[in-house]
Structures are given as structure tokens and as C-alpha cells.
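Structure incoming, see below.
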Amino acid sequence: MADVNYSEAEKTFILHGIQDKFPCREDGRGCEDYRHMEIETGVVSNTSGSARLRLANTDILVGVKAELGVPSPEKPDSGCIEFFVDCSANATPEFEGRGGEELATEISTVLSRCYDNSGCLDLKSLCIIPKQQCWILYIDVLLLECGGNLFDAASIGVKAALYNTRIPNVTVNQEDDEMEIELSDDPYDVNRLDISSSPCIVTLSKIGHYHVVDASQKEEACCLARLMMGVTAKGTISALKKEGWGSLNPESIFDMMETGKKIGQVLNTSLLNVLEEEEKSGNKRKTVGFLK
Amino acid sequence: MPLDSRRICGPESTQSPHIFTVNKDIKSDILLNGERKDGRKLDQIRPLFLRPGLISQAKGSAYIEQNHTKVICAVYGPREVMRKEDFSMKGQLTCEFKFATFSCKKKRQHQQDAEEKDLSVQLLEALEPAVQLDKFPKAQVNVYITVLQNDGIALAASITCASLALADAGIEMYDIVVGSSARIHGDVMLVDPSEEEEYRSQDCKDVNEGKVVIGLMPSINQISALTSKGEIDFETISQAIKTCIQTCQKVYPVLQNALVNSVKTKT
Amino acid sequence: MANDLKTFQPKEYYRKFLEKDVRPDGRELGECRSTVVNIGSITTAEGSALVKLGNTTVICGIKAELANPKADEPKNGYIVPNVELSPMCSAQFRPGAPGEQAQVLSQFVVDVLQNSECVNLQDLCIVSGKLVWMLQCDMICLDYDGNVADACVLSLVSALKNTCLPKVTVNEETQAIETDDKITNNLKVQTTPVSTTFAIFDDHFVIVDPTIEEETLATGIITIVTKEKKLCMVHKPGGTPLKDSQIQLCIDRAIERSGQATKLIDETQCSLDR
């Protein structure tokens, strides 16, 4: 993790703020409040779908590329989804060289675990000819700036980019024994992915005796253990992972899970609302891009 | 794959003969008339065999066997930090998790693959809260785990095995970490699943199919590791965690016993 | 006192023992450590064996896969042995690519297999020029207390004798590969190579089956591989030169040892088959 060294006094200040239970986190939020979030989809034109997310200082760009490929022998009748996370050295100097690799694999394994079940994303619909052809979704997550809570931000970015993804329609023509695939070249003849049950990650950081969502970088430095949950709109949990070098009491884990479930559901619905709204505004929408 | 010049290499591409099995048994439900195929009760764990301190060269070691699952672990250190970039004032713990090439149905590679790297990290996170790292500043303790055969619960068995080995090495810990795993299958919970019963994402269609792994420090009631896979609803996953905690508590005296016995035989 | 001498003057300590024809662990110069063979304990492997020579432990697992044969040897299968000196077996090994010693050992095992003609590679042929077996044999050292070479060879031969391959056919019409798990064939192992390692101490004491301490103090190492009471291969990587008579002594002992080891494998194998 991109650690910053804070003095003991500063850590104690943050700890006490949260301990007082009074909504008094260092930036004045309550324990269950997210920071301001900005999201824009369709920012990279040469991808099948893309999204850029800014959560306070955390900046993430997600691109989805759909390519034709061969399904894996274990799952011959479904498509594949592959995550790749790149921690750019722009985000923090620590990522220079191979410094960000560990964090990057951690984020990508958590993401792929969240999507590693048939409920979250219908991979079967990505299959074209069983055992021979399917769509492979390469999801590239580029970390541009670190401002804490990278896992949540990445998952929200991924979900938005998947919402934005358009996969060209494919028709299969069978001639004798030869299967022929024809790719539609009409840019409007496309399929979309159903992301209504895709998960968002909610990370709960245990600070002192309480847990907070969406920890800032400073708060992350004070946190001993956290729980990451992939939560779907239905409130089901698609992945759970404890992280950090502290341990947790079972009771507090259940408390954290409860909070996570509640927050996750709200997060999912509001994300979907925002995405739909953005879509409705259509071409009239003012694109913001990176220059703002 | 890049050619490995330091090993004897075989042909470039090979295939497992089991892909082509004719008259393959169609994968049926994991339960037969509501019972497990090996005849166990739902909450029954397989017989456990533990043997701390079997590797003569290591500071501490342990071997664990649960039916066909066989895991061996060695602990070295505290020893000097090899790379100077890794230097830190606090003690460090490293974990290397490896499946032996012949440990699974599918052949494993010699080099660590992504899954093994992920498991190494999970193992490390399970053990770190238990080890008193401040007792060996500027030094590191290395934990090496090899799964000789995987018949389910590779991670949970590794957690238990590694903490036994750490205890055998005399590394100070707050408590032993006991690993345990449960498979969630609809509204049924299968404790200590075998390889056949373990969760695979490809052949599950419904909600509430998945697995949970926890690492528990029983005497101080702290969970040091918790991971789940598969889409599960809130109540079921809470129940599964509770079931796993109970299993850990059941296994705990057995571990203590094994350690006490090994100390007795040493002196 | 004895411990002090052992720490500060290990050579002197050993010399004191060897002059009286005994070793610090109570063995005579020509005595091997107790040998345990456990065959077929890994069921995910097509063949497996665990060998313990005193503390030294090596486990060998064989995974069989299908491959295309080489164009110039259309009937030959592959045997790919690799010795893994994992970081768990001794403090001297670190994780990562195999070190020099592991590479030397792997090559030694390859040479033993070739020279002893232990398995006829043509037995691994399924369809000539099309499909053959590839046996990947991995010997993982779990505890490194000297003389890993002997343990590796012993575990490999035991595992090969334990190897059971499913019946694989190629359908002539569709060219599809068909595997029948229910019918299995035992791999034919023609000879039983046994390797015996000697350490040379102070240029004239020849001690068999050295422990790690003895290996580090030794001035030379010689490994003799025999098959069925015949000499098959001698491996002597440098070190003290030996006299004819000494080598002859080693060969005699190795042949004696080979008889014991072969008997041990066969007995374990029989107890397994019941």
C-alpha cells in the first residue's frame, strides 16, 4: 500500500476523532459516508467501454476491451473476464519500477474473485461457439492518483466501464462443418452487458474500536485491519477478504458485514442511477474528460 | 511460457489424459440423498494427523494430513534480511506457498503461478496478526509451505500447519492460528470439504454457492484471516463463519496436544 | 567438552571417531542409515514414493501427460526428471530458480535413467509419430541431511515401479483421443538402478551414506550406480584421487547395498499390492 508516514500525534488525532462517535472524521464525515465521487463513462474512444472515476483524490481510469478468443477448457461454454491493474508511477513515486506490482496483483485478484461466479456477470452470454469462440473481456484498471480506498474505487470504475461496454453483434453461419463468424460493422448493432447484479467492493477499515467506510489515505495509515466485501444490489456478498496485519473479533466482523451490506446496496443503486442519468442526457452531455 | 533453462525440459505442449476421458461420470450434485459421498456428517471433519518437528534442518516444521490432503511446512529464522531494500526495524514474516507439481489432478508448474502467489499473501495475512513481530527486529522469519497433495482445504490446512511449525520453531505468538473451511451449498453447510466438494465457479448457477475460509486464534477469539468466494447472502455467510469458528475450537485441543507431545519427546 | 571440540575443530572431532572405525552417530564406516520407502501415498500422481535415508527425505511424484513425439524419434516417449531442492529442506537454499546443485542433481538423475535403461522409452508410445506419454518426475527434497542423490534415485525408481497409466487410444476414424480411466497398465521397469554415495575423509577414510556434516567435511565424493549387481555408472566430481583398491571397495559395497535396496523396494511394493 502506498504508505505515508504520519506522526503518532496525527494518528492519535484521527483515532480520537472516530472514537468520539460524533461525526468527526478528519474531513468532517460520518463513519458511513463516502467522499465526493465523480464518474464519467466513454472517455476512451478506442475501447469497448471505459470509465473514469474520481473519489476525492483517488483517480482511476478503466478500459474494457472485448476480443475474440478461445474459451478455457474448464469453462467451454462461457466467455472470460480478465483483470489487469496498472499502478502508474504518476500515482505515487513508490510505484516506480516494480514497486506497485504487489498492490496491483492484490487489487486484480480481489476484483476477479468478486466476479468469479455466474450470478454477478453472465459470462455465458459471451460465448459464441462452445469450445471454440467466445468474447474475452480484458479489463484494464489504471491507477492515476492514490487518495485512499483504491479497492472500492476500482470496483466502481469497473462496474461503470462494464455498463458502458458495447460488444459488436456476431452471427454464426454454418456451412457444412465449417463455422463462420460474421462481425457486424454497424456501430449501433451492439450488445450490452447486464450489470444489474455486478458487485461493488465496500472496504470497512477498523480504526480503534469503530469501523469506517471509504477511508482516506491518512485513515488507512491508522487502520490495523480491514474487511473488503463485494456487495451486489441484492445485498448478497460475492467475495469477502480480511486484509492488514491486525486480527478482528468475530462480533466486530459481523457488525462490519452488516454495515458493508447496507452501504453496498445504496452504493450500487446510486451508481446505477447516475449511470442511467448520464446515458439519458445522450450526446447533449458535456464531456469533461481530463481537462477540467 | 518462457523456456526454463535451469530445469530439464520436456516437450513444449502436453495435455492431461483426463481431458479425454470417455464415459466420464457426469458431475452430479455434491450431496447424495442429503448425505456426503464419503459418508461423513455435514459438520464432521476428516481425521487429522499432525506431526510437528519432522524436518531436521529447519528451525521448526510441521506436517498435517487430513485424509488425502497433505501439507508440509518449514520455518527458518529469525535470520538476517537478504536484500537491503527489505530492511525494516520491525520483524518480518514471509510466506512461500507452493503446490507440488503432482499435488493436484491438473499438473502444476514449477514456478509459482498467480493462484499460489495469492495464497502466499493470504497465508501471510493469516499468520501476521499472531506472530509477535517486535520480538525479532531487523530480522525475518521465513515460512515455506508445500502442498504434497490437495484434497480440498489447501489454504485452511496450510494455515494450521504453518502456525504449528512456527510454534515448533519457538517463534513467540499470541496464539496458534487454526484454519478451517466450509462449503456453502444452498442452505447446507459442508465443513472441511474434500476436493470433490470444493467450490468451483463454473458449475454453480445459483446464489448461495460458495466457500468460506477463516483463520482463528481460539484462545483470544480473534479472526486473523477471512476469505469467501461465490455469491452468498448475508445470513448464510454469517452462519458459515460461525460454523467455521466452531470447527476451529474443536480442532484447537488436538493441536495443543500435538505440540505438547512433540516437546515431551524432544526432551 | 565433546561439544566444544565438535564446534571448533569439527575435523579433529571426526578424525577421533573415524580412527576407531566408528562415526559420531554410532554407525560403522560402511553402514548406511536406516532406509524407509513409502510407495504410492500421493493419489493425485500417477506414481509416487517417499524415501527417508535417516533424516534425509525426498518425495517423488510422477505426473503423466500426453505429448507429441519428436520427429526423429517417433516411438519414444519422454521422461522428464527434475530435482527440487526447495527452500524448506535446508537453510542454505532460497526460493527462486533452481541453484547449481539442483541442476547438477537433475542431470545426474537423467544420466542414471539413460545409462541403466530403466524404462524403455518405446513403452511410452501410444501411436507412433502421433502420441506418446510424457512422465514428469519431480523429486522434491523435504529434508536435506546429506546424500540426496541416493535418496532421489531410490525415490524415482520406486515411483516408476508404482506408476500406473490409464489406457489411452486414438480413434482411427475421428482421430480423437480417448482415455479409459478404468483400465490401467503398470509401467514396465526393466532394471533397478541403485546409487550409493561415499564420502572420502582425510584422503583415506571412505564412509558410505554421508550426512550433511560429513559431506561438508569430506575431501571428495564418489557415487556409484549399480543395477542388478552390475556396475552401471560412476560419478566422481573432482576431489581426492582414489586408488584402484579403494574404488574396488566402493564398488563391492555399492553392489551389496544395491541388493538391499532392491529387496526393500520389492518388499514395500509387495506389501502394497497385498
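Going by the order they are written in, the chains are A, B and C; count residues from 1 in each one.
What we mean here is this: contacts are C-beta pairs under 8 Å (C-beta built on N, C-alpha and C of every residue); 3 or more make two chains touch, one makes a residue touch a chain.
Please read these numbers as outputs of a predicted model, since none were measured by experiment.
S.K.: In contact with chain A and with chain B at once: which chains are those? Just list them.
M.R.: none
S.K.: Which chain's mean C-alpha position is the greatest distance from chain A's?
M.R.: It is C.
S.K.: Mind having a look at which chain is the central one, using mean CA positions?
M.R.: Chain B is the most central one.
S.K.: What pair of chains has the most C-beta pairs in contact?
M.R.: Counting C-beta pairs in contact per chain pair, the top pair is B-C.
S.K.: Could you state the distance in Å from the CA-based centre of chain B to that of chain C?
M.R.: 29
S.K.: Taking each chain's centre as its mean C-alpha position, how far apart are chain A and chain C in Å?
M.R.: Using C-alpha averages as centres, the distance is 51 Å.
S.K.: Identify all positions of chain C at which a residue touches two or more other chains, and write them in rising order.
M.R.: Touching at least two other chains: none.
S.K.: Any chance you could list the residues of chain B touching two or more other chains?
M.R.: Counting only residues that touch two or more other chains, chain B contributes 19.
S.K.: Okay, in this complex, where on chain B does chain C touch?
M.R.: 4, 6-11, 13-23, 54-58, 61, 68, 70, 72-74, 76, 79, 82, 96, 98, 100-105, 107, 110, 142, 144-146, 148-151
S.K.: Under the definition above, what is the set of chain A residues touching chain B in their complex?
M.R.: Touch residues, chain A against chain B: 73-75, 78, 105-106, 109, 113, 116-120, 225, 227, 232, 234-250, 253-254, 257-258, 261.
S.K.: Please name which positions on chain C make contact with chain B in the complex.
M.R.: 41-45, 48, 55, 57, 59, 61-68, 70, 78, 80-82, 84, 86-91, 94-95, 97-98, 102-103, 106-107, 110, 134, 136, 138, 140, 142-145, 165-166, 168, 176-181, 212
S.K.: Which residues, counting only chain B, touch chain A once they are in their complex?
M.R.: Listed in rising order, the residues are 19, 114, 117-118, 121, 125, 128-130, 201-202, 204-207, 209-210, 212, 217, 221-234, 237-238, 241-242, 245.
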